[in-house]
Amino acid sequence: MTTQSIISRYKQIRQFSEKICEPLKTEDYVIQSMPDMSPTKWHLAHVSWFFETFVLGKVNPNYKSPNEQYAYLFNSYYVQAGDRFFRPHRGMLSRPTVKEVFEYRKYVDKYMIEFLEKTDEESFNKIKVVIEIGLNHEQQHQELMLTDIKHLFSMNPLYPVYKPIEKIAEQKIENINWIKFDEGVYQIGYDGDGFFYDNEKPVHKQYLNSFSISDRLVTNKEYLEFINDNGYKRAEFWLSDGFATVEREQWLAPLYWRKIGDKWMYFTLNGFREIELNEPVCHVSHYEADAYARWTNARLATEREWEVASQGLKIEGNFVENESFHPSAKMDNNRIKQMYGNVWEWSQSSYLPYSGYKVPEGAIGEYNGKFMSNQMVLRGGSCATSKTHIRNTYRNFFPPHSRWQFMGIRLAKDVD
Amino acid sequence: MTTQSIISRYKQIRQFSEKICEPLKTEDYVIQSMPDMSPTKWHLAHVSWFFETFVLGKVNPNYKSPNEQYAYLFNSYYVQAGDRFFRPHRGMLSRPTVKEVFEYRKYVDKYMIEFLEKTDEESFNKIKVVIEIGLNHEQQHQELMLTDIKHLFSMNPLYPVYKPIEKIAEQKIENINWIKFDEGVYQIGYDGDGFFYDNEKPVHKQYLNSFSISDRLVTNKEYLEFINDNGYKRAEFWLSDGFATVEREQWLAPLYWRKIGDKWMYFTLNGFREIELNEPVCHVSHYEADAYARWTNARLATEREWEVASQGLKIEGNFVENESFHPSAKMDNNRIKQMYGNVWEWSQSSYLPYSGYKVPEGAIGEYNGKFMSNQMVLRGGSCATSKTHIRNTYRNFFPPHSRWQFMGIRLAKDVD
Amino acid sequence: MTTQSIISRYKQIRQFSEKICEPLKTEDYVIQSMPDMSPTKWHLAHVSWFFETFVLGKVNPNYKSPNEQYAYLFNSYYVQAGDRFFRPHRGMLSRPTVKEVFEYRKYVDKYMIEFLEKTDEESFNKIKVVIEIGLNHEQQHQELMLTDIKHLFSMNPLYPVYKPIEKIAEQKIENINWIKFDEGVYQIGYDGDGFFYDNEKPVHKQYLNSFSISDRLVTNKEYLEFINDNGYKRAEFWLSDGFATVEREQWLAPLYWRKIGDKWMYFTLNGFREIELNEPVCHVSHYEADAYARWTNARLATEREWEVASQGLKIEGNFVENESFHPSAKMDNNRIKQMYGNVWEWSQSSYLPYSGYKVPEGAIGEYNGKFMSNQMVLRGGSCATSKTHIRNTYRNFFPPHSRWQFMGIRLAKDVD
Amino acid sequence: MTTQSIISRYKQIRQFSEKICEPLKTEDYVIQSMPDMSPTKWHLAHVSWFFETFVLGKVNPNYKSPNEQYAYLFNSYYVQAGDRFFRPHRGMLSRPTVKEVFEYRKYVDKYMIEFLEKTDEESFNKIKVVIEIGLNHEQQHQELMLTDIKHLFSMNPLYPVYKPIEKIAEQKIENINWIKFDEGVYQIGYDGDGFFYDNEKPVHKQYLNSFSISDRLVTNKEYLEFINDNGYKRAEFWLSDGFATVEREQWLAPLYWRKIGDKWMYFTLNGFREIELNEPVCHVSHYEADAYARWTNARLATEREWEVASQGLKIEGNFVENESFHPSAKMDNNRIKQMYGNVWEWSQSSYLPYSGYKVPEGAIGEYNGKFMSNQMVLRGGSCATSKTHIRNTYRNFFPPHSRWQFMGIRLAKDVD
């Protein structure tokens, strides 16, 4: 990684955040439609705060933030980086305005580019990991911006359209093939030279029983059969917490689905429309994914099975670069299809430290380790993930009831 | 009331709503900072919906709303006028945009003016009461727009300024004089020819014991003595529900007050600044007003005492037309001062129907009658009320824990 | 009132509390089935604590409580009498046991009787008002014990029976007659020589318009017509808070009613059984009473109208002394029937101080005044009230959503 | 397992449940002091319902429950066994009385013994696994009865004593020794001939890195150093959910600890008293155990490390048979001490199915599998566990915030 290549990646990633905002009106940047969600304006400022705090604040003793309060307003959860504004109140802030936030971005960019252009190799080497984290961090927030805007728009009876739909080519879907893997000791964790998150380390050995994994994702059509078989009412398929959630939240289908007369419709970033049967099912919680799998007499893969199964596959699929912002029935050319892109795939693994994991020192150490509780691992990226962001060792994580990310289902099985 | 005079009042009142918005940024129109509060955008649209639904929809068979969903989005609580969007979700709507809402206003105005210019006297007479209600209704929402914006801005650590403060002239305050009224049968309720709300009727007789009323409002200085005497910790002064509220909400002072070091500061529409001691105390709940009064060995006036005491006074004082948007220590020329404007004055009367009150038929009948439960009456208008809107029989009402309106305290006493 | 007569009343009232407990098992004394309700054990101890604290603690310097912690555990809300155990945790206390509570009662009784037998007239005169309050207070808790036990039993799918039902004689019901009262100045408030609560004073004048009042209570049959006319779904009859409560609580009928197949059943202290159509409707909130009245084009009486209407009637009816513990269709011999006993009658008056009311000094002053907020007045007593406890000036009060007392409906009307 | 041996175990275990109740008053059986906790009466009936439903209902076509509603009232969570009474309402039931519950137990025992005495081997073999589950199930509820009674008593300001304390012999505590285990493939899961729960199966291989484990539990003294080092205020040691829980619940120390003046006291089943410094710390959540471990630069063991470390140790320690009902500083004779009894040891493993796990068919299948979500594994049993109930493969599980069981801390470490 040279400074030239990083300048170019920095510009490209920063611009892509702003590109995502192009379809938005000023009013769309402001609202927090649920506690887990953040206003677009906040995302745009927060990722800039990250560079300000963890890069500029360290390398440039003269750097001054355009507004001293931004450090307080745009810190997300870094306890060691100072006080934070109460998360569920992010939607209380009409100021700074959207314009001021874009100016803040420009300001930070100016100093970042200036630093990168002038720095010597030694100084650069000391900080480059943090810059890489900052860029990956911004890519994560790009995904959140899309899923959060989707949530906000879905609450509005006017159903705003983020990007109008083009004609979708019809896709045929083959029956599932089960791809088998042998029992044995496997190596797990990131072992390359590029960027990785701390939670993908250390590389370690894992004994796996033989297993099979489905060669494609579960479709809307297949999931509808579960719904029609009364799946949401039959406790025998569900984890106890899952069924309690179904009853409390009165879930009857994936998030954003709505039955109008006889037809199942869903809200998408392309508008409110009838569901496509062959697409991968999306916006299901871990509970729903797990219950669906039991109903088919299969199960979800463990995250280590998923990692083993994806070794050697080419990273191709329906990513955010496609700008469809929706899962697609189209298949890629890998032996196991749809492993990357489209939807994050729920595993049956809790998000826990790998054997030998150490939390890094300082505020950056809060990035991953402290969330290792009450979350399940997801793998493979989605249609809102950047292709340059994903790896086969990449561990995403959300609580088992979460549904507002692009989350779906791949089945696995024991081999007897 | 002629059509010409009503056209002129219509234009003036409608324009004043937009004038109130001049200091706002687009982002300020969107947010709902608490369930009782509505975004400015919603207020602007709702008052237009009122004219659309209750006037244009009745008098103009060809009238079509610019968007059919507005009837759903901008109905506040008129059950008989159709379904309503869930009130605490008003802040979930980024669309229609602010621009679209202003266009909606123009559209309604065009049809309203057209109607008023062309209508004959008979048709006009049938609908003129409703138009008057619509205009008074818009004036009420102008007041809410100001108090709601104040609440929103107060949540923001950047403390946005609605209107910068000018130098405040120092005012001297005299000791309280107690003005006495004799025992006897009094007439209560609106008995004139102008506009009135249904809840001010019917005129009826009321036997009152002799009483005295203070000739001015309670000041910040006087209220501070209550705070400093540990008033918020001494249950003996409080209604049981009031003390429970104090403990649950951890109230230590009026809303918007904050102690910084040794100084009491408050958030105002003119910015965050040190309190002025001689100003009328403001943003207190009925519970606080009642407890303060007991602490002084006095009490609040009943609404009928207030009405009797205000008979014959000139309607002058610090109203919204002053554009200070804040209570003032300045006195008017009446025998009993500050009865009008500055702050709404809590009475000790529950909001109940007058003897013989009948709820009007149809959706308009939902205006007042159905709120006659769990509310206390306030009298006299505030610095956010229009001078043309208030009367000495005017009955405002809020739940006893409410504090975000401009609400204050006047004392009364039995005469032994 | 002589000491002899008060000793006899003291014994009789204290014994009646224990008589009410005869049908109970030990387990029935312990549970708090909702935050408003208290375990029987707590009631029995609390009324004894009252005598201990406000009588024995004042007159007998050597008096020591059997357990110092009882003062903390059994204080209800007297802030000035010291700290209190958190009300919603009253059901957390398995100890003191029921046996220990009965011993506590005996202990207090011993000291009370001893004091009353030995005291001289002067000492007695100083304290006799407090003793009278203590006795009336215990009678109030006797009523609560019955309504609280009813609530507890109703939660149990085994539907325990407090007192088995005897054969109910069929009763015929006449059509309503409207009894008219003339316009004029009336005197309101207690003006006799006996015991009264502070809230019944001072005697004062009130101007009333002419009104009519129904000569009997509303029956189950009449109320069923309201239910069958879809009354619980039609917002136009309801106060706004009332309809919100109906929707939130999913009310479809009075408390304890349950539709089994085609039949309306209710839970009573005599067991779970089919409703009797001619009985007065019971266990309705103020909201339901008010909505029912509107549906009939009538209204509830104000508390002052009720008081005027009841002047001169004989206090007779279905009281707790009947030991039926349920309203009855049987009529008394008054011109206006069922004014006393059977069910407390909701008025349309908020519970507010009478003109000139002063809160008494000290902890006893917390008895009534501090509850004058968010409550509605009820009049006339119920089938759980002692005949010796009620007066025509007696003001009972509960929040408008309360239904677990024996509460019912009498209609009134304006006279045009 | 012969019928004779099972009859004897059946009697012994059933009698031990009743022995646990000997110190209780009738009132103590009734109350539910928090939603997770159940009244003793309910436990006693529920374990009998288990035999009634899963044994007698299957083997005896003429068996009739003494009350048809018991099946509804005393089902805990077996969805497939029919409807259940709402769990948080278990404390609403004053009936059936304690006496009736004991009669219910006798009734079930009579039929169970009769069946066991008369059955032939073939019939017995079909049902014996279910009987074993029933007995182990009752032992689990014996532990819950003790921890639930402790919780109830702790809520009472009178601090009832379950069993008075005897003089505690002083114990010396040695410094921690770290016992090392080598890297390699280990076998995990139950591999014997006796009883086991489904979640201990199947036996499978696991690759473990080398690790060290402490040879004794963490003591109160050691934990106090963490408290005194401001451990509850320093976010850097805590999981994010954990710190949020600490702040929300205002935790300052383990459950039942209370600082009186300068001294830390705790509530125990032997009364409220000063803490013993050398005892194992108890009543900490997973969050606290994890934060403590980080503060010492160690970590918790995984459940598989714990299982490997405990292989070959003798099952001895402070179990419920000791009847101290409290952890003890006394050491056993194993190389690694206090692995069994005293306190359940939090692992850092989420409760998940072992590779190849299958949920058994039918209602019995609801015993373990459906709880595999949002829970952490604990190992080794406590002072409230029966010595005959525990195994080194035994997997207990609770949500990470739970503290009311006897739960404590053992440290582990990576070996570099």
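General remarks:
We just call them A, B, C and D in the order they show up, numbering each chain from 1.
Following the convention adopted for this analysis, a residue touches a chain if its C-beta (ideal position, glycine included) is under 8 Å from a C-beta of that chain, and two chains touch if they have at least 3 such contacts.
These figures come from a predicted structure and were not determined experimentally.
Chains that touch both subunit A and subunit D are absent from this assembly.
Relative to subunit D, the most remote chain by averaged C-alpha coordinates is B.
Distance between subunit C and subunit D, defined via averaged C-alpha coordinates, is recorded as 47 Å.
A straight line joining the Cα centres of subunit A and subunit C is 59 Å long.
None of the residues of subunit C touches two or more other chains.
Residues 25-31, 33, 41, 67, 69, 72-73, 85, 89, 91-98, 152-153, 155-158, 160 of subunit A are the ones that touch subunit B when the two sit in their complex.
Against subunit B, the residues of subunit C that register as touching in their complex are 77, 79-80, 185, 204-209, 235-236, 238-243, 286-287, 294, 302, 348-350, 352-353, 355-356, 370-374, 400, 414.
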